[in-house]
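One structure, as structure tokens, below. Some questions next.
So that you can tell them apart, the chains are marked A, B and C in the order they are listed, and the count of residues begins at 1 in each.
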Amino acid sequence: MSEAAIELVGINKSFGAVHANRDINLEIPRGTIHGIIGENGAGKSTLMSILYGFYQADTGDIHVNGKSTAINTPNDAIAAGIGMVHQHFMLVQNFTVLENVILGAEGEALLNKSIAKARAELIRLEKEYGLEVNPNAIIEELPVGLQQRVEILKALYRGADILILDEPTGVLTPAEADHLFRILGQLKAEGKTVVLITHKLREIMAITDNVSVMRQGQMVATRKTSETTVEELAELMVGRRVLLRVQKEEGKPSDFKLSVKNLTVKDQRGVTMVDNVSFDVRAGEIVGIAGVAGNGQSELLETIAGIRKAEAGTVLLDGRPIDVTGAADPGELRDRGLAHVPEDRHYVGLVLPFEEYENSILGYHDHAQYLKGPFLDIDAIRADARDKIEKYDIRPTNERLKTANFSGGNQQKIVLAREMEKDPGVLIVGQPTRGVDVGAIEFIHKRLIAMRDGGKAVLLVSVELDEIRSLSDRILVMFDGRIVGERDSEASEGELGLLMAGVEAQEAAE
Amino acid sequence: MDFFTTLVVILDSTVRLSIPLLLACLAGLFSERAGVFDIGLEGKMLAGAFAAGAAAAVYGSAWAGLGAAVLVSGFLALVHGFASITHRGNQIVSGVAINFIAAGSTIILGQAWFSQGGRTPSLGADGRFGAVTLPFADAMRDVPVIGYIYYELISGHSILVYFAFFMVFVTWWVLFRTRFGLRLRAVGENPAAVDTAGISVTWLRYRAVLCTGALCGFAGTYLALAMNAGFVKDMTAGKGFIALAALIFAKWRPAPAMFACLLFGFLDALAIRLQGTPLPVVGRVPVQFFQALPYVLTVILLAGFIGKAIPPRAGGVPYVKER
Amino acid sequence: MSSPYAKLPAWADYGLIPLINLVVAFAVAGLVVLMVGENPFRAAAIMVEGAFGSGRNIAYTLYYSTSFIFTGLAVAVAFHGGLFNIGGEGQAYVGGLGVALVCLTFDSILPWWLTFPLAILGAAALGAGWAFIPAYLQARRGSHIVITTIMFNFIAASLMVYLLVGPLKPMGSMAPQTRTFLEGGQLPKLNWVMELFGFTVRSSPFNLSFVLALVCAFLVWLVIWRTRLGYEIRTQGHSPKAARYAGIGEARIVIITMMISGALAGMMALNPVMGDQARLQLDFVTGAGFVGIAVALMGRSHPAGIVPAAILFGMLYQGGAELAFEMPNISRDMIVIIQGLVILFAGALEHMFRPSIQALFASISPRSAGLAAAKREGA
């Protein structure tokens, strides 16, 4: 292939203190299917948003078909022949397929004249690329797989030569995914260039010509797909970071504290996010759930914690059920000894405008120790907060300070202190060290081990594989809403990376 | 008067009373369909009425009044747009603020400029959009039934009345047959989809808000220059909120909006007609009952008892590019 | 209301920016005064004199402030729960019905100091009741509380007109109002307190409900910041997701919050009905429910801010009445404009000047802006 369809040189993009894209260089040859792989937070979506004109890079150049092109708005990208199929569809739910496709490219001010022409063109495109869908269908009545076709048709209708697909198979069934790959093959045959962003290695190996790997904002490698293996890609994707191995003794698990049986959870679109999941957590052990974000772990945690409703299945806490398909009450669960450190500490685990001591009782504010009749016993609460601040080394040591003014690590410690100090029987934790500085990470990890040594059952969900491997006694890998494998803490990165990317294990788990 | 004549007279009143509602309702339609909630229809209509009354008095021309009304109402619409779109402020608060600003300003300026206790000078025929006699109306007057209806009900309204009904069609046509309308409806449902299609969400919403301002200007003009002979303080008397209620009742669609406004106008006309007259069975129904009825109906609707009223999905939420 | 990260020191956030918003609101109001052909500064001077220039003036100012404290507290409590209660006007109106019913029943039987607590209950109960239906519909059926409360304002108006021209009106009277309450249904005036401070007040409507208003301000503070209920209300208002996480029932909190709000608005009626007019008249609320919105926004929904804000608006009302004498072109309606401008600049446009102030601070002392930014890192 001669000229590169896309060439990115020295792209940098920061959002405040977060350096999302670091010095990215990327060349995408024309007429190929190019995969971009990486974990969540690696910077893939940001990079593609820059290419699509949604964001502007801080520094760097974009060359399209050999020509240096300024892309400051989506219009520029569209004019340059770049089309994007977003992960979360950009569709107007109560419009028809045709209306969605022509939005922005209506042709004339009066629709009557152009709409017949548009319809004909749409039907032609549908036939040419095998993307059949009824132009008069209303989007919200279409299954998700067909909605995605509309997204693709939108890009093709605007004359895209270069198509970027952002995690397209997340919402598709395997059969729909296969159909999509056939379509991508067809597009390539017609000379289009396709960029496929995904974390699923199987897809990469199946249809891409080349693959670039991103990790922590950087482009770490580019390979010809035929010249690499899933193992190599998995290792590049997950990386050889400094392992934060915590000193820990052998665990001594005893009774079953938490039992999940055949749990199925759907999101509001009706897509199954947790698919018939079963597992147990025993007292005195840490069970870690590994997986790339978006494979159902969040929904699993929320359901067990009682803030999301399940479609089917049971969850037993100390042998007694939690009403997960009905009206579970987080307050009642706390009373029964279930503590929850949520993944979103900003909007779920904390109320940022509150002062620190007010957040130190969130969820426990109805406990007698904090109340004097209907009144809050402010002195008792503050004393308790100060205790926790000291014990957990929370800084600054000011319980009157607004929580928004604490650093991420200290905010997380506030949440952990609150949940751990109540001596729960079961602790479920999501992303405990996301956005937390190294010093605090070590502290938090030590605390989690201490809980386990104290005979608590800990369920840990994290996208950081290091953390999972370092802390867990048993590791479950979630992919596509299912548990695809169970390993012990000796499992290698590569092995886990493969499972996380949806590649079936060579040997059976059990 | 016999029943038939009474009915026609009531229907005639209905039409006249529903026009300010209809114009304000259509105004709100543009804004809300684009995702900008507008509680300030009342204020814009009032300010428009004042501007119309003032300009018509000063220049002796109803058209001058209309122009002034559209300008003033449009200006207030821009203020609302500035707060809601550019500064992403709370749209309800902004609307409430505009209502007060308009209410106070019209009285103060009215008193200061015309010294008549807050009203504008009474207008002669030049300054008003008076009754228009349609062709053959006089001739048809004596034709039984049809002729009478034509003469009494259809002919003899202000030109703004015909304009208002025409605007129902125009609104429908703009929303569903033009590119602008397609984009406007899209931005009220999914602004991100509009943004990624390369269309400016901000400019689109501002244009919607300007349409709202213009139509509110017409609504105010009708009040001051057609229904009345000048501006009188607080002359909107809550019509802006009834228009909002009608809009919700009509589930944000133009043709049902027309019927909803006619319904509310009918209730108003009925209330006036029935004042003091005992009804069979129920006896004297207090006029306040009819006055409260549009509001009660809206609450019942919002409670989900008359079907679901689903507003534009992105309504009331300022658009922020997701990080 | 959303609040972006504050990169400013607290005093700038809570003192300077609200002050600037206020100044701009008054400046624009001044423009309107100019348009009317008068001198804004002279108008302001007359207003201040009219509000505080004599014992009688101060008393009248405080009388108006009383109503605004109640309605401001009502709106503020709802704001804390994340709700916009525009229905204060209607809730106050219906609260007046509660007052009237109690007073008409007991004014010949009981002394005022026994009727008073019953009247408080009556006002609060009916005000809360009037807020209940919109609250229930929002909590259980998702009906937008702003629209329903506006509708209920109008329904209240119709209802009260009907009652006052019909059932509540004494036979043979033409005026749409109840009969005058006897002594058992009248609150004592507080003019003697003014005289303690050396002012002479011959007569004014300043009455005991002012004390009740202050007590309510304290109670609101106590409930919102010092009770478990208040904690749950504030959590729900800041973050419904966190409230769910914390096991707080959303429907329950929404209804309770609105009922407290309605009760406070209802109690406003005690001031004019039992404290001044000694009867229930048409539209005695005269827009106080809406002033409450401006007062709550200006006072940042905290009683310590609401009371001064209410006094400011009381000053505008009283001063405005005096102003209307000297400058006939500027009537009481000027207050409505100021009210609207305050709501605009303290509410919808509250962050308009923030970027400029932040830039100013950054250029003067980069440290203060930088420190705050550094704290944000990793958050």
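Just so it is clear, contacts are C-beta pairs under 8 Å (C-beta built on N, C-alpha and C of every residue); 3 or more make two chains touch, one makes a residue touch a chain.
The model shown is predicted, which means the values in this text are computed figures rather than measured ones.
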| item | value |
| --- | --- |
| Chain contact graph, described as a line, ring, star, complete graph or other shape | complete |
| By number of C-beta contact pairs, the top two chains | B-C |
| Centre distance in Å when chain A and chain B are each reduced to the mean of their C-alpha atoms | 48 |
| Chain A and chain C, separation of their C-alpha mean positions in angstrom | 46 |
| Separation of chain B from chain C, taking each centre as the mean of its C-alpha atoms, in whole Å | 30 |
| Per-residue multi-chain contacts in chain B, two or more chains | none |
| Residues of chain C that touch chain A when the two form their complex | 3, 5-6, 222, 226-229, 231-232, 234-235, 238-239, 241-242, 244-248, 372-373, 375-379 |
| Chain A-facing residues of chain B, complex | 177-180, 182-183, 185-186, 189-190, 192-199, 313, 321, 323 |
| Residue ranges of chain A in contact with chain C within the complex | 16-17, 305-307, 329-334, 340, 342, 344, 346-354, 358, 362-363, 365-366, 371, 374-376, 378, 404-409, 411, 435-437 |
| Residues of chain A touching chain B in the complex | 15, 52, 54, 73-75, 78, 84, 86, 90-95, 99-100, 102-106, 108-112, 154 |
| Footprint of chain B on chain C - complex, ascending | 1-2, 32, 35-37, 84, 86, 133-134, 137, 141-144, 146-148, 150-152, 154-155, 158-159, 161-162, 166, 290, 293, 297, 328-331, 333-341, 343-344, 347-352 |
